[in-house]
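I have a structure I would like to understand better, so I am pasting it below and will then ask my questions one at a time.
Labels run A, B, C, D, E and F following the written order; every chain starts at residue 1.
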Amino acid sequence: MRIKAINPNTTLEMTENIGHQVRRYTSDDVEVEAVSPERGPISIESYYDDFLAVPGVLEEIIDDEAEFDAFINSCWGDPGIDACREVTEKPVVGIAEASMYVANMLGAQFSVATILPRARDFIEDRVRTTGLWGQCASVRCTDLTVVETEETRDAATEALYDAAKRAVEEDGAEAICLGCAGMGGLDEPLEERLPVPVIDSVAAAGVITEGMVRLGKATSKVMTYKQPEPKEQTGYPQKFHFDADAGDD
Amino acid sequence: MRIKAINPNTTLEMTENIGHQVRRYTSDDVEVEAVSPERGPISIESYYDDFLAVPGVLEEIIDDEAEFDAFINSCWGDPGIDACREVTEKPVVGIAEASMYVANMLGAQFSVATILPRARDFIEDRVRTTGLWGQCASVRCTDLTVVETEETRDAATEALYDAAKRAVEEDGAEAICLGCAGMGGLDEPLEERLPVPVIDSVAAAGVITEGMVRLGKATSKVMTYKQPEPKEQTGYPQKFHFDADAGDD
Amino acid sequence: MRIKAINPNTTLEMTENIGHQVRRYTSDDVEVEAVSPERGPISIESYYDDFLAVPGVLEEIIDDEAEFDAFINSCWGDPGIDACREVTEKPVVGIAEASMYVANMLGAQFSVATILPRARDFIEDRVRTTGLWGQCASVRCTDLTVVETEETRDAATEALYDAAKRAVEEDGAEAICLGCAGMGGLDEPLEERLPVPVIDSVAAAGVITEGMVRLGKATSKVMTYKQPEPKEQTGYPQKFHFDADAGDD
Amino acid sequence: MRIKAINPNTTLEMTENIGHQVRRYTSDDVEVEAVSPERGPISIESYYDDFLAVPGVLEEIIDDEAEFDAFINSCWGDPGIDACREVTEKPVVGIAEASMYVANMLGAQFSVATILPRARDFIEDRVRTTGLWGQCASVRCTDLTVVETEETRDAATEALYDAAKRAVEEDGAEAICLGCAGMGGLDEPLEERLPVPVIDSVAAAGVITEGMVRLGKATSKVMTYKQPEPKEQTGYPQKFHFDADAGDD
Amino acid sequence: MRIKAINPNTTLEMTENIGHQVRRYTSDDVEVEAVSPERGPISIESYYDDFLAVPGVLEEIIDDEAEFDAFINSCWGDPGIDACREVTEKPVVGIAEASMYVANMLGAQFSVATILPRARDFIEDRVRTTGLWGQCASVRCTDLTVVETEETRDAATEALYDAAKRAVEEDGAEAICLGCAGMGGLDEPLEERLPVPVIDSVAAAGVITEGMVRLGKATSKVMTYKQPEPKEQTGYPQKFHFDADAGDD
Amino acid sequence: MRIKAINPNTTLEMTENIGHQVRRYTSDDVEVEAVSPERGPISIESYYDDFLAVPGVLEEIIDDEAEFDAFINSCWGDPGIDACREVTEKPVVGIAEASMYVANMLGAQFSVATILPRARDFIEDRVRTTGLWGQCASVRCTDLTVVETEETRDAATEALYDAAKRAVEEDGAEAICLGCAGMGGLDEPLEERLPVPVIDSVAAAGVITEGMVRLGKATSKVMTYKQPEPKEQTGYPQKFHFDADAGDD
């Protein structure tokens, strides 16, 4: 089984961490390749970054569609996840949705502990589109940039501890989703100090994706996630132009 | 890894099928034991059956809590799932929630094809409590009893095909959840005839449960899913009485 | 008119109080019998207790279905209320729903003042399934167990006063539902000190149930609340097995 | 116990019927006075009629506030119900809300069978503000005007039968609320032909109101339903001007 | 282009201010007439005031229907807006809805800063019926009466500043709607001191109304907003009686 | 006043039509420039097209931020609207939101008549994020591609007529939003044949945008719509890299 974990930003240190976390929690027979797109932001902290990142993410799926059994979209916001599902029949799993499903099975209400306050709307949007708004006790932001979550592990842990503690004590959270792919592995030090399960969203996506492949189901091509219509895409490489052979209904 | 798949009803033929389906989709190192409770209905088709089944389901978890890594609640309705989570720290996964998570990652909207019309409210309730009401195109009932889904495979397939086809064509479903544990394995003949992925809910729960164990997280004991309070439970065996040592906050 | 008020737990002191409160607020021609099931927990403070209580509640209805005009389910959570409605054509009223309807007619927003924090999810669930989530300002928990609400009246009053006061001042509650059948009669001392109506949920259920009987309507048997399907219920007495004569549609 | 049932329109035939239905279902010791306002439309079939009716309804409460124990607002739309609650401490019950509460206890989903299609938005609005939108299977309109429901009983019964039958068969309704005060008494012929309980909304309000009085609770005056602020109301009689003595918080 | 801005209360100072604000923000070719009804309260601070105001508002539209191109309902609550739309084909714009649309395009979440706490339910109701509840961070009340917002500009500014500041800092508001027509012009001093756009709701309604007229669309007469049914309206002048010629479907 | 209307696709015929429609409905002193991005799809019919279009849309705003008073995002889906608001302080108006606001003021419920069925999820998503899901009677798709709506006016009109007619008759729509910028001008032939207002979404955006400029408010920069964080955007021109001088809070 081969899984391609796509880090939608271009910070390679984070990409490496993502690959490490997916490998660590999946079975031995799962081969994991972690990549960053060739184009896009070094981190995603706004709607702007999100939209600039998506074409690169799509390219990573288009390039290797035949060679992998599933794809992981490794940014908490699952940027362009619906578009990703259009360009492949293989399952695509977002780390946001995967972590929320796991949280929803472990506690009655979960909170998301995440980066800068400006990302709150972006994060909450993903909770809503996934469907789990009613199960979300709160989104608690820190002052961390994405890169800081990756580079200053102790400070990041401290800031997330504070956010998660308030989520548990003030908002009634019974599980915590770590709301950024750069937080991979921080679940362990946090869980030592918090009375609730803390979910590394990348790890969650890893095991869910392995399960999706074992299940053997393909992305639905009946309607919303059909292959993109064949058309000119000015300014994008030829591979972004889909053929007409996919068969409309 | 050891998973106990609990069929909340006492129809052993179905229990066997459940064990088979979980084994079939999980890794080789996963050991699966499928059981039925000693007490309870031969099938769950009403709120009444649901409530009579739960004490037996709880007993199956209490009895073997230490010997398994996770438990599956194998009725589409996930009867008593919150109570199950109170009596163990091991992950408990319901087949309804698992199948809906899988469906939500494969299509933009899913429908549930299920048994008798009287179960619709029961089924819809589970969609709502899971949080995915907004993603559910419809619940389509057939005239099948639970036992018929198990015993008359051809007729069941035919009835489910009709229900699923209407869900796709009239309600906009892009994926189908089979809404009964007795439908295990029917996803294959149905998928041959339908343009959308059809999810065997037991199989979905199998792979999700394996993933939960790989992730290594325990059920949150901070609040809602704390161990039951120590108290007298008249008319139930001693094992149903919990000790006070679990430590309240 | 004969009403059977079922206390789903086995604390007889509470059962007596329930009978007293229903009698006190209903007409003189209403005969009230208050009972506890023979099996079940001494109090309901978790989903676990809730599920262990329901078979006993159902038994109380099945045993005397012909002899009463209506049934009251006297636990704030209305445990198994849908199943109760399946086993009888007589109206079944839950104290949670009744108290919320009353509150909804007296104030623009109500809060529920109730027992232990672990019960919050259980309580909120009932607010949601009744439909009145949008009218509910908050659920305010105390540190009271169910038995303490019954046995230590002064301490219970004090704790509920604090919870209700915060609900009014911080959450905007304009009416308070007492969220446990053990709080019967505490509405009076609380109302003396609070600027809002305080609703004894058992009393509310009493008057609503009397009204339902006067109205003369039977529980709908067309679909969800049909008589349970005839089937084997292993481990339950014969009376739990329904006959086939009820007539399916 | 004295209840004043206010028919918000000026059709006296309907007022009489309302009084009859309330008396018929309440206890012998309940004294019922049914009235129409001196000003207002002969029937309420639009938002326009609704707003022209409310001042007259308020006047009926203001005039006799001290002499009654409770008031019924007898139009399915409960016009001005929040304003009614501001002008009295006595309970005010709307026939729409009362009938929905009753329906919600008898079936898993209810529909409203009512008058002209143009009233649908008006009716649906009341379902939503009451909180029971999620329990409402549908609002089914007929071609009946309000006056026709009162005057042509056979035709009205026929039209309502058709609407209710479709609600049951196509929308899944398990109970029917008759969505106009002019339909009082039609529940009986309809119930003979339909497989579900049919609720005369006036009768439902009657028994709920009696219950509210027995309970002895007053409308909350802490915030939303405080007595109107003292101020000039140009063009309205002096009684519409409230004094300042009510005591603000 | 001629716009009639109706101040639903009888405080002429406020009416003048409303006219001023609408004129100030609309094009030079827009002629604005601001009026108060002949009947109604001097201010709207309760549901009671709201309902007593509406007949006068309707009269203002009925009187001049042919002479204006559009009407503005200038109370934050848009009292009787649906009825207003029934009595004219010209567009009717409420200041509440207009300000929320503007806010929704300027920030991710808005709050409403408004008058007395008792009006909160009334205000929130309008947020909900407009559809923007999910975008509303909070409704923040002050201790201001409507008249005070008009007469004590400095004190009003101070109170609104405090409310808005808390909305931004504690509730996450990114834009503020001034929730009373008496606050016209206070957006300027407030915006100087707050980090978010502050919307004068009357001004917002002015520009939206001008746009509606430019667009040239008429209010839909197909169903809900049809001309009122022809009928007797006892106690109202003859002009309140509509003819039958409007053509029902 | 200068408004830049951005057609997110590269079909210049459509761009011209967009410019024409905005000019036609705005005041004489409004200068309108209609453009297509240099990169992106020739039409937007999927999530894929949507995401490939956004970088080009953002570029159009970034390039001319100082020279225009407001921007229009002219695709019914308002692609990347949140990101657009991050890159400018000038108001940005989407044609989807603008048309829905207009519809919400003209009828009690609106429907969207639009292109290919595969776009339904994309369209419904925008209804939901705008907040008006509860006011949306239906989204009715045709078999039209975007380009066909522009090129085959008669066939497009016919297909939209059928869709809109069903929306009115079967779904209860009282106003119709034309759900594609390529449908500009088709409101006129459709309104001649339909009993409801038909809204040209581009025209609606035009008048709303003019109003926003008259109002003089800037996009909120306090949180979600702050200028993008300064960072490397690999593969994008230098102008996509924002400076740090915008001042974080």
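To be clear about the criterion, a residue touches a chain if its C-beta (ideal position, glycine included) is under 8 Å from a C-beta of that chain, and two chains touch if they have at least 3 such contacts.
The chain list, named the UniProt way, goes like this: A, B, C, D, E, F = Aspartate/glutamate racemase family protein.
Since this is a predicted model, take the numbers as computed values, not measurements.
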{"item": "Number of steps on the shortest touching-chain route linking chain C and chain E", "value": "1"}
{"item": "Touching both chain A and chain B (chains)", "value": "C, F"}
{"item": "Furthest chain, CA centroid comparison against chain A", "value": "D"}
{"item": "Same or different residue numbers at the chain E/chain F copy interface, by half rule", "value": "same"}
{"item": "Which listed pair, E-F, C-E or D-E, duplicates the contacts of A-B in over half of its pairs", "value": "E-F"}
{"item": "Computed distance of Cα centres, chain E from chain B, in Å", "value": "52"}
{"item": "Cα-centroid distance, chain B relative to chain F, in whole angstrom", "value": "44"}
{"item": "Euclidean distance of C-alpha centroids - chain B vs chain C, Å", "value": "28"}
{"item": "In chain D, residues with contacts to at least two other chains", "value": "82, 108-109, 120-121, 172, 223-224"}
{"item": "Residue ranges of chain E touching chain C (in the complex, touch as defined)", "value": "120-121"}
{"item": "Residues of chain C defined as touching chain D within the complex", "value": "25-27, 29, 82, 91-93, 97, 101-102, 104-109, 130-135, 168, 172, 174-175, 195-197, 199, 203-204, 207-208, 210-212, 214-225, 249"}
{"item": "In the complex, chain F residues that touch chain A", "value": "10, 38-43, 45-52, 54-56, 58, 80, 82-83, 85-87, 117-118, 120-122, 125, 129, 145, 223-224, 226, 228-229, 231-236, 240"}
{"item": "Complex interface listing, chain C residues touching chain E", "value": "108-109, 172"}
